[in-house]
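The next part holds the structures, each set out as structure tokens.
Next come two complexes, and both contain chain A; in the first it sits with chain B, in the second with chain C.
Take a look at the complex of A and B:
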């Protein structure tokens, strides 16, 4: 219950992929929108500056240029008034002077207006005289220079007017460029960050999950997945761990069932059915490759007496003790089975009948020396009779039949002996200790 | 064949036709513009009008008339374009549309040497319109000059001598039926050039206040916004390619716009 609660709490504390990417996207969108808004403000300021330049500054600048030009015309016509060769040409120039002096562009500028009025009055006075004297020429020279200077000043002012606006626009454009670069950098950083995040939070976990799913087929391999930040992937990880656990349980159950189907419950040795399958397979393999193979049958001597004297429980304990001895004595490659009651079957791959006799004799002698505790303070001793047969050239059934015949022969010979089947060499091994606990 | 072609009306050939009211300088209606009297200001207006019409690809029927008839004629829609040195004023903006600026203008008193000497204030060399009393001032009917003088006439004890054309106003002065004439400066320039030396002279400063100065435009009826845009575009193009400046220089020795 607590684990589940902790797990739920851990899952709840994790971030879902949708929410994470929504937050990232929202943060990026906000940042990007901020920069775009910033750019829009600049754009607006630029448009305003352009509009000011177009609608106010440039017309003003042009006006200044016109005013400068009109002042220059005034000066030139003044020269013509003074230099005129005929009264008619002097009169015409004087009219132009008056016209220029009356021009609204000059009248709208105080400096130009005063200068124009002064020029007109001077020239009108000079034109009335037949002869222009030196003092008038000097005065005109000064007036002419003032007109030129005023024209230059006004012209320069006009140019400067536009330059100030253009400089301002240039600064705005420069700022806009920096901001645009910032926006591009932000997009780049965001993309890199997003790719890294996708790799770290999604792609790598997916690869690990893929590997873990592939490893599920491999037996007894534990699931090795780290904890994931994203809730969805953490859920998948949890499901894989659970799936792995269930598969392990199923594997164990299948193994248990297999074991139940193939082993004898009392002794833990193979049961007869499974033994027959193993023996048939070993026999086929050995005969295919012409390898030696032997079978054996064993029967505990006077076992019925133990059951009768001490009860079935003691008999069971004696059977288990014999099975343990079999496991301790035989090689890993040998197989033993409880063939029925107190009878046991053996198959010895890669083993000639004589080698099998040695193995059987070792088992017989060790049992003969074994004291088996059956209940508090009570012990029994057992002997076993063996029949060994060569199985390399005949069927399993035939070999077992021969081994059974040999076993029967051992029983008839007095038990506690190992007998090779009649078709082969009969080995009557000496009985080292003829004591029979059951007798 | 040529006769047949000439008889085809403009509408039938698809050519637009504009009725244009232009300024007549001379008093006699039969006197055509550009005759021996050389009404240079009228010729200048005529040349500008022709160039605008050419650029608009329209046939313009120019009809010279006194200034007083130009604004009402355009306002009523009888004429689609008016070219007559019309100053832009708020009151006129209520009645007609104005094109882009042609040039600037101011007003100035013109007097004979005798009248100037007679009415020059004692101890001052400057004769000023607002200081004049008990004098007759000739003005062209319908102009800003007439409007101003008429407004101050009673207070300043001025006699307003209204004339049909600006040339008539000068003639009134020369004939002794007026002491001064208040005229647009450009018109005065062209008219005085035609007079013998010493016949008339400018008096007092140039005037731009009280509606006597400002910018001069072509005018159009109120509903002709599209045509105004076309005219403005044509004038802008004329300035950009120098045609406007060349036309001005053909009739005046300087631009002074």
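Take a look at the complex of A and C:
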């Protein structure tokens, strides 16, 4: 309950992938829109500049050209005034000089106005004289040159007017280019950032999760996954940890069940069913490779008396004591099982019947020497009878039947003994012999 | 069999296309042609040349404006004295006549932006300066100059057009004239006027100087902007200056 609350609060503090990417995208969109807006403002300024150039600067530039042209007209008409043959033509030229010098457009330009007034005054004075002397000619040529220069200046000024606008537009375009580069850089940085983020927050965790899922099949103590920043992946990690826990539990349960199914609860030795499986497998292996293998059956002598005298609890203790002795005495490769009430079965792989007899004899003598405590201050002693049979050339059932026969023989011979069963054919012979002899 | 069928189809398609094109162009020029008032007998602005063709600075500029506005124009001759009233009454869409934009005229018609600035000239013998009581000044009826003479109360001999002024001077009906600056140019070249030995004086009264504009039908407010941009356009693309050079010795400004 508490654990769950902790877990959910931890989950709440984590970011969901959707929200994270929404936030990143929103931030990027805002930044990009800002730059685009900035560019739009620039573009607007550019259009405005172009409009100014078209509607104001260019017309006034052309007006300057017209003004310059009129100064040239003034100069030409001045020449005509000085060179005129007749008073009429002089008067006509003088009229245009006067018009030029009085026209508001020319008067609005200071340089042109001063020069035009000076020219008009000079020409009016010169026109009154019948003869034009050398000093007047020199003055006129100076004036004429100044008119030409003023025309040049005004003309160039007119062109320069447009240049200022064009320079301004150039600057805006240049700035726009910088901003565009900025926008492209922003997009690039965002993409790289996004890729890194995806790699860090999604791809790598996914690989780890994939690995962890693959590792689930292998037995391991814990899931090796770091904590994840994204809520969804943290959820997946949590699920994997839980799944792993459940699998571990199932594994344990299965192991327990298996043990339960194969073990005798009282003695901890194999039960009969499991022994048969083990023995059959050992037998098949030994026979396939032609190896020696032996089986044995043992029965505790007069066990019923212990039950009768001291009760079942004492009987159980005696059985457990014998089982402990079996575990203590036999080799690791040997298998023992509780075959029935006080009956035990053995399989000795890689062991000839004679070697098996040595083992069984050791077990028998140790039990014979053993004092088994059953209750406070009370002890019992037990003996065991053994039948050993060779299992390298026959079926398990046949070998066990032979061992059982040998066990029976041991019992008959007075118990507390180990008897080796004759081979199937040999066994048949004494039986026959016995029958023959008895008959 | 197939060949004539195809030819028929082709012809049908072509006629169909032609009809569509005609309909399209008819739609595009759904606007009627403009009626444009101009005056005659006023060289160098508008006059009939030796070939009998109506020409002059204002006439050619009128054509250029109509071209810039992409419309056809029907030029109609109107006496100067009636130009303002004709345009004011909506009988004409606009007038390409060099009218000074006086406050009096502004009450009747719309004016475009100025296309140049003008001065008025007093032409008279040296002993008859402007305003001399012995002077009788010729002026064209309906002109700003005639209006000025009336206003200041100088003696005036009214004529119908500028081309009548030399005759009036020669006949002694007038011994002076008040004319716009551009009209003064051909007058001074006129043989009969030249022999009179007239001197020119610039009259600087505000009634006689200032912006020269195109007058527009007061009901066609939309035309003002169109004509203004047309003026801008022909001033920008050099058409205005070419016409200027063709008819006048200096640049109009």
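To be clear about the criterion, the second predicted complex is superposed on the first by the 364 of 439 C-alpha atoms of A that agree within 3 Å, B and C clash if a C-alpha of one lies under 4 Å from a C-alpha of the other, contacts with A are read in each partner's own complex, and residues count from 1 in each chain.
Operating definition for what follows: a residue touches a chain if its C-beta (ideal position, glycine included) is under 8 Å from a C-beta of that chain, and two chains touch if they have at least 3 such contacts.
As the structure is a prediction and not an experimental result, all values here were calculated from the model.
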So, A:121: does it touch chain B (first), chain C (second), both, or neither?
first
Quick one: classify A:107 as touching chain B (first), chain C (second), both or neither.
first
Output check: A:67 vs chain B and chain C. Expected answer is one of first, second, both, neither. What do you get?
second
Figure out whether A:55 sits in contact with chain B (first) or chain C (second), or with both, or with neither.
second
On the A-aligned overlay, A:92 touches which partner chain: chain B = first, chain C = second, or both, or neither?
both
Could you look at A:247 and tell me whether it touches chain B, chain C, both or neither (first, second, both, neither)?
neither
Would you sort A:15 into first (chain B), second (chain C), both or neither based on which partner it touches?
neither
Chain B and chain C footprints on chain A meet at residues 66, 69-70, 73, 77, 87-88, 91-92, 95-96, 98-100, 102-105
So in the complex, the part of chain C that touches chain A is made up of which residues?
117, 119, 121, 181, 184-185, 188-189, 194, 197, 199-200, 202, 204, 209, 232, 235-236, 241, 249-253
Within their complex, chain A touches chain B through residues 66, 69-70, 73, 77, 87-88, 91-92, 95-96, 98-105, 107-108, 117, 121
Chain A touches which residues of chain B in the complex?
104-106, 108, 125, 185-186, 189, 192-193, 197, 202, 205-206, 208, 213-215, 253-257
Chain C touches which residues of chain A in the complex?
54-55, 58-59, 62-63, 66-67, 69-70, 73, 77, 87-88, 91-92, 95-96, 98-100, 102-106
